[in-house]
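A, B, C and D are the chain letters, set down in written order, and residue numbers restart from 1 in every chain.
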Amino acid sequence: MSRTRLEQFSDAVFAVAITLLALNLAVAGPGHGPLLHQVADHWPSFVAYLVSFATIGLIWVNHHALIVNVAVVDRNLALLNLVLLLFVVLIPVDTATVAKYLALGGHDARVAVILYAAAFLGMALSFAGIFEWTLRPGRLQQPVPERGRWTARLRFGASTILYLAAIAVAFASAPVALAIIAAVPVYYIFERAPTVGSPAQR
Amino acid sequence: MSRTRLEQFSDAVFAVAITLLALNLAVAGPGHGPLLHQVADHWPSFVAYLVSFATIGLIWVNHHALIVNVAVVDRNLALLNLVLLLFVVLIPVDTATVAKYLALGGHDARVAVILYAAAFLGMALSFAGIFEWTLRPGRLQQPVPERGRWTARLRFGASTILYLAAIAVAFASAPVALAIIAAVPVYYIFERAPTVGSPAQR
Amino acid sequence: MSRTRLEQFSDAVFAVAITLLALNLAVAGPGHGPLLHQVADHWPSFVAYLVSFATIGLIWVNHHALIVNVAVVDRNLALLNLVLLLFVVLIPVDTATVAKYLALGGHDARVAVILYAAAFLGMALSFAGIFEWTLRPGRLQQPVPERGRWTARLRFGASTILYLAAIAVAFASAPVALAIIAAVPVYYIFERAPTVGSPAQR
Amino acid sequence: MSRTRLEQFSDAVFAVAITLLALNLAVAGPGHGPLLHQVADHWPSFVAYLVSFATIGLIWVNHHALIVNVAVVDRNLALLNLVLLLFVVLIPVDTATVAKYLALGGHDARVAVILYAAAFLGMALSFAGIFEWTLRPGRLQQPVPERGRWTARLRFGASTILYLAAIAVAFASAPVALAIIAAVPVYYIFERAPTVGSPAQR
């Protein structure tokens, strides 16, 4: 199997998912009050949009950094990648659910944030699965050195731990849980550890 | 015609179709009961989502394995591929129909599953057509040896037979028919026959 | 500008447009009569879906055959290509309009078919514009010989004439006009003139 | 990171956004008056569609001209590019809002046009950010000469100034502001300054 096609297909799925996110921002239109109020009342949609966009965007950056170094794409990697995408395409729907329930607060807001964190957790775990796949001999063009593995695992694993924390916190407070979820892409934006084992340029 | 562009276009169609699948999972929103109940009542949507995602995902893997070996893309292959995609883009709509009717049971649930199986059957038959196209001399970089053809036909044909069985069974029971449809991607996940005639790597 | 990126972008637009077509096939769902009746009443949607899918699919095949031979993509070609895509993305909406009005007959059905034919006419004219662009010296890797130009113009021009005819006929009969529109992709499926000036393989 | 994948992902986002634009053109369907009246009443949707399509189309052309010359894609460029795409995917929703409110006039029409101009302004500023990134040594295959920088900045900056002007004008008149927004792609269609530092062909 070719790496090109794995990337091409994944990129298209990431792109469609990221574009569908914005559809949640549509206002109801004339007859539902002044436009400025409609937009202002829509703030949870904007927050959820930004969090989801940043998270999918950073996953795309990390996905690229990992896959560009792969030597041979086999059927297992293709299947692991499909599991990752299975969670990616859930994000637009879960974002819409969070946007609908966040401002209402209460039990439903907490359920919405748990569903949202669960989709991201699934994404993080599939990504970790792909990373583990790359550790077997011969899988990467430039293998991850033995001593760099745990650093890399921690880098990728940070998001898993944060999403688990978000789920735990969501039982008490939806906004705090959402803030934890939002922290993940911010972490990856500022995280500057040298990418383990990634060749300079394809 | 270039193979790259055939793959690029097909990948985009597969990607859009697979992403649209998840839109069926959207809940009605506030005012329609507790969110947890809404999500729980949505179980047929989740089942249909998983089955459709896995099936399109595996068709994508198999499509890749077949096309990567093609030597020259001619107009006939492009047209056969369009017929395949014609059925692929029907899947999101048929998935939504199954999701709406499965829990209701009765006649309509059976009709919904038959429509769903019919779209997959069309997909399987178009795929078989593409495979037959590859058997003519000069079509593949590494041709399928004479004695490997029937093995390969059986591999691809297994899904056709299962979809026909699902349609027949659906007249009696929609859930059993759906289970048969779900078995197809599971079969292709675990199926490890050496890919006939596929070169090691593009 | 690179040909790869022009093709990549166009392919994605074609792919999204072709996949959105199928969304018109969604049934209303439970509470709107037996599913089989809903599907049967939906026949105009299926007819419009098939016509639009086949037309976009064939335009994609022809687009490929034309662009693969281009030597240098300049800004003018990029702009002409955008005009083509401007009409391509109108097709899903116009297909939905035809599907809604065809079975009703009368004045509105004729208006719907005229709008539909007009979008295809715009597509055909933009395509002819791209073809004229390719005729200037140095634009193609393998230029169209002087004597082959009119044959090629006729091949591409056939659809323009048929769409104009469909618009004229639509003032009298929507179904006949739709049949003319449907004839265009059928013509291009069976049309086997050697592609003028196309190199064997990219 | 590879330039190919940055382009591939961006192209898919541009393509999905540009195709979703047309969905705003859907008519309400039977029972909402003669189709011709529905279409005629839809003129703000057509105007907004044309403006948004042309703007995204031209941004795509300019994006290509800039990125094709990039020597090495680093994490910062990937992040800047994500910010650009964040605004691109807002366009379909803001286009729909303008289409809904433009014909109504009054305060809400002005708010709708300001939101629309703001999304384009964000797009223009992100694009300017990407341009500034390319000015650092070693970033381009063929660097922008010192004396060409301000010319290039002015070219890219023209749109920023026009969008700021549109926002200011929108407080007085929505249609005039929309005309200014529409002027931007027209400017880039006719603008023929030699592309600074772009190599002949990838």
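The definition used in the following text is that a residue touches a chain if its C-beta (ideal position, glycine included) is under 8 Å from a C-beta of that chain, and two chains touch if they have at least 3 such contacts.
Since the structure is predicted, the reported quantities are computational estimates derived from the model, not experimental observations.
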{"item": "Chain A onto chain B, rotation angle from CA fit, given as a multiple of 5 degrees", "value": "90"}
{"item": "Same or different residue numbers at the chain C/chain D copy interface, by half rule", "value": "different"}
{"item": "Interchain centroid distance [CA atoms averaged], chain A/chain D, Å", "value": "26"}
{"item": "Distance between chain centroids, defined by C-alpha means - chain A, chain C (Å)", "value": "37"}
{"item": "Contacts with two or more other chains, residues of chain B listed in rising order", "value": "8, 12, 15-16, 20"}
{"item": "Contact footprint of chain D on chain C as seen in their complex", "value": "1-2, 4-5, 8-9, 12-13, 15-17, 20, 72, 75, 78-79, 82, 85-86, 89-90, 92-93, 96-97, 100-101, 104, 107-108, 111-112, 115"}
{"item": "Chain B contact footprint on chain C (complex, rising order)", "value": "7-8, 11-12, 14-16, 18-23, 25-27, 29-30, 34-36, 39, 50, 53-54, 57, 60-61, 64-65, 68, 189, 201-202"}
